[in-house]
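Below are two complexes that have chain A in common, paired first with chain B and then with chain C.
The block that comes next holds the complex of A and B.
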């Protein structure tokens, strides 16, 4: 393999693929990025066996070939090379070495045979559709905060993506960690009405979100029961899906919460943030005391003292008190884009629903806290 | 094959298999008999690990000729008056010991009853008794067992080395001796005295503590707290070690129920529970606890060797133990074991010292043999000697250089942890006390203080609970749900709300918010196991306290931070008034104390 490539092009693409590579792995070759050079393009591939990211970039290929070399090391080197430089890869006498040249710098890197690199996941996937990048960003952004980190409930370690036909065709993503739940819809893309419900792992979600950050176009998706692939630009992401059953989340979304409060989101977040300063322990519980037209947010700590602040709200049901984790409240409220927030409650022990009154396609369920 | 009734000798050998496991079991049965016979002095002699010879001699009531021939019959006993197994006040009662031992050995029993002028003896070989013969013996009984297990060669093969068999016997004798400080005990193995415990009584100290320290070591006596608590009809007495005196195994935990040494899971679990907060999980405290309760409240007839017992009201017993031990540990406040100080002294000792002699002797002899000829004036000046003897003048001398500090804190010398004199390496506080000096690890000490404060805050406000959007169903093994649900109220106080969910499962509705996102399945299973095994839901409290401990660690003064003198004194005062401040969360000491006497020894002045 022999080629030259612009440093900036290589760096950008390396940055994309290297974050898939785990820092510590038991299989040495998984630390490596695969480099394939042919027909004027360099293709970089990295995988952790579940998630594979491949990207191809323009290069002047003098001699086709393929190899693998440590991904993080290569990324670090290229990052430190002078801007605007030209990077050259050259073969050496030894099979297990490749030389990288840039200016006067010479780096000889160890290689592992390309045959040992896990086979690319090129299988044909049954369902195909395209989705605007903005829609996919919305599906991810508003739900990923609720993904569970608890490994034993692995089926909650991702976002659940599935089509909804009634009452209106939608593509919906749901995530929950058992304490709160996020549900967001976008309009259903053509051809996605018969796709199976799939759970995309947190790591894949994170990587995909990074890759589509500055992309504005249509993303070609294809998926099966066990795998999903996204193609856009010159990037190709393939991920295995979580093999599990997402719980019947519809059951936990209350339909009859009739105590509805509406308030200014920005002001509410400021108040909760201020008052919860007093709730010093890790639980950070705050109490919402509702009376017609007025909400009092209060927190108490046996060590530090107490705090409370009132704010005007639209509320005309019975007075009630309900406790929440302040961090959860702030995270949830942060997902809402509009100025107003509505919170629909039933009682201090059952779930409440937070939403933007002008956006029917995103809702957030939060379980109260009891002291 | 036709069914037939087994001959008596075979039945006895089967029974012997249960009761007489090894020479130590024979020793145990015989010594218990001697105690039940009201002996004041019991001598045990063994040869070859008890394989060839065991003799137990006592000065108890003894037996007359008729009793002697009856005693070797199965289920013959003087200890059970009626047929009421609920009123057992003696160590033995099954009437199995002598016939069982006799059935697997050559046994001679010689005895003279207290009201008799003559002694009689009887010989039994492999269960076959001969006629009684006249013999010579002072009042009491002597049982000689020769060639134990010769009649059951299989058992003989499974015996361990003579050394370890003697060790077992020694353990048995020690345990019984701890329970009865009013009886003298001796154990002689192949002519060598291994145990020599004289009758207490005229000891100035508590005779029981003297006996305990003879068995468990002097460290224990110096670093233990007395326990005396009563609940209903049960009374718990004894001594427990300070948390900083701990061991890797639970071997040094001696528990007695009505004077009977037991190794009962419930009791050991309760002890562990009481210490859970001050010791790391893999360290074990030293305890010697005596539980006395009416015989009708406890069933000792559970286990052939009576190592386990069953209580009528197990929850009450557990509460008594956990409650009284925790109280004692909390009252002990900041105490840390002095063995910590002596370890430090050992470290101070110059390296070229002979290793065998104890620190006191070594230091003393160094003072004479090395220091005197070269450095000390052969005619010491009288006033100098006075200063050394008179502790008051010495105190003044030492205080003088720091008079300014003392005037700033005139009360300093009145406090147990003294007045802070300075900080070294930004980590350790040096403080002067009335009769020594104290070195405090500032981080460990402050961490413990913050932790104790958090815990009491937690108790005040209750544990906040986070409701679960999707209640978690946990499948459990047989009995698990019952154990958990029986304690549902206690768990609710710790922030865990569970409800029954069909057979073999519970559903979790709310979890302690402090734990954040947790593995609920794992937590519930661990709790069920804890409850089943030791009857306490340690796991949950431990996880809660662990979070507190981690937060405490971050919220406390780090090593390397310079403290001002008022800050240091404030820390010392806090330690004196805070429960359990003598050790960090893992049982390591937060401070060590060096007594003036120890310091003087270091310099050969004593």
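The block that comes next holds the complex of A and C.
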């Protein structure tokens, strides 16, 4: 393999692929990035065997070939090279070495054979559609905070992505950890109406989100029961899925919550944040005491004291009290883009629904706490 | 992977070893049940160290994974299994200590807990997912319980292949959920030809002798070659030649040499050889089958001792003592020479006709 490539181009794609590589792996080849040079392009591939990220960039290839070399080390080297430089890869007489040159710098890197590198997940996947990057970002951003960390309920360790046909065709993502649930919809892309419901695991969600951060085009997705692949801007991400059945989340979304309170989101978050300073116990619970037109947020700690603050709200049902975890309240309220927030409750023991009154396509369910 | 075997030069590591000798029957049991669509989800491959348990486990794993391979390229599966980079294979083995660079003594729960997340993801090639647990007896209690949860309720299309030196060394709750594949000791002639191939410097007679004293385990035989076990064995036989009389001076000289500070491997090797020789002797006495090893010197000695018609319990007690002392020498740092002399003393027994006036 012999080629030259601009340092900035190489650095950008190395930054994309190297974050997949686990820092502490006992399998040497998994620390490596695969480099394939042919037909004027350099393709970089990195994997942790569950998630593979490949990117193809322009390079002037003098001799086609392929090798693998430690990903983090290569990234560090290229990051420290002077800006605007040209990086050259050259073979050496030793098969397990490759030389990287930039200006007067020469780096000899160890290599492992490409045959030992995990196989590309390149099988054809049955379902294909394209989705705007902004929609995908919305599906991820508003739900990922609710992904469960509990390994016994592994099927909750990801975002459940599935189509909804009735009453209106939508592509929906759902995540829950049993305490809160996030459900976000975007319009259903063409061809996505028959896709299977898939659960995308947390690491894939994180990596995909990072990769699409500054991309604004259409993303080509393909899916099967066992794999998902996204292609955009010469990047190709393929991931295994969680092999489980997502619970019937619809049953925990209450349909008859008639005590509806509407308030200014920013002010509410400030009040909850202030009052919860006193809630020093592990659960950080705060009590919402509702009366027509007024909400009082209070917290009591046996050791530290108590706090309460009132704020005006739109509320005209019966007075009630309900407790919530302050952190969850703040996290949920932070997901809503509009200025107003509506909180629909039933009683102090039933789940409540938080949403933006102007956005019907995102809803958050929060379980109350006993206070 | 058992202690010491990873250092043996010769055949590659089990995961990269494409050659399996002498276990066709076990392999066929597995393949038959797969062919009939009744493949058990968990298998326990048992047998002595070095016999080829892990080699068989990885071989079976490759057979399953080759079925997955979209391009049907067995070579590619072989390379990736050997490199540990097959996305549908998870190997659980004793972790390497990052400070010392050696394998730890047990499979800890931290590494055992990585199996479940592997099985909770879909297969990469839409077929089998295989977990190889190399040295299941090395799992500590917590690790074994973590694996038990998986063996109790395995996901679909999953095969768990465990290797273990004795079926009773794993939790009964795990064992009862596994199909057991017991590997038999290899045939001596098969093994001697294999040994000659891997160690061309051995002459056929030596190879045959090694095949017989290594209890049908190729790994054990190679270790004997590398630690010059055959030489120690021959010395042991010549020292015992006049049993129940033992030349005290020769015994002291032998014990000095074997137990010297530089000869740790020799000492362990001797205790193993001694115990395995006792096993063969006990078998001859118990079964009255005098067609023992074919090693002429050992045959003569064993037959002569068997003909004395001493009680079997004496030899069994001695074997137990040898096994116990082997373990205690390491854990209590016993004086190696005294351990050997104490064993030799027992070997002479309480025979009133004992010709040696200078007992140890």
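Operating definition for what follows: the second predicted complex is superposed on the first by the 370 of 371 C-alpha atoms of A that agree within 3 Å, B and C clash if a C-alpha of one lies under 4 Å from a C-alpha of the other, contacts with A are read in each partner's own complex, and residues count from 1 in each chain.
Here is the rule we go by: a residue touches a chain if its C-beta (ideal position, glycine included) is under 8 Å from a C-beta of that chain, and two chains touch if they have at least 3 such contacts.
Since the model is a prediction, treat every value here as computed from it, not as a measurement.
Model built by superposing both complexes on chain A: chain B and chain C fit together without a clash.
When the shared chain is aligned, chain C comes close enough to touch A:226, but chain B does not. Within the superposed three-chain model, A:118 lies in touch with chain C and out of touch with chain B [touch as defined at top].
Of the two partner chains, neither chain B nor chain C is touched by A:161. When the shared chain is aligned, chain C comes close enough to touch A:50, but chain B does not.
In the superposition on chain A, A:241 makes contact with chain C only, not with chain B.
In the superposed model, chain B and chain C sit 50 degrees apart as seen from the Cα centre of chain A, a figure rounded to the nearest 10. Once the two complexes are overlaid on the shared chain, A:30 sits against chain C while remaining clear of chain B. In the superposition on chain A, A:87 makes contact with neither chain B nor chain C.
Judged by the touch definition given at the top, the superposed model places A:10 against neither chain B nor chain C.
For the pair chain B and chain C, the minimum alpha-carbon spacing after aligning on chain A is 10 Å.
Looking at chain A, you'll find residues 151 touch chain B in one structure and chain C in the other. Those residues of chain A whose C-beta lies close enough to touch chain C in the complex are 26-30, 47, 49-50, 112-113, 115-119, 121, 123, 151, 154-155, 157, 201, 224-227, 240-244. Every residue of chain A that touches chain B in the complex is listed here, in rising order: 148-152, 176-181, 247, 249, 252, 281-283, 285, 300-303, 323, 325, 349-351, 365, 367-371. By the touch criterion stated above, chain C contacts chain A in their complex at residues 70, 76, 79-80, 82-87, 95-96, 116-117, 119-126, 155. Touching chain A in their complex are the following residues of chain B: 453-454, 457, 460-462, 464-470, 472, 510, 513-514, 516-522, 547, 551.
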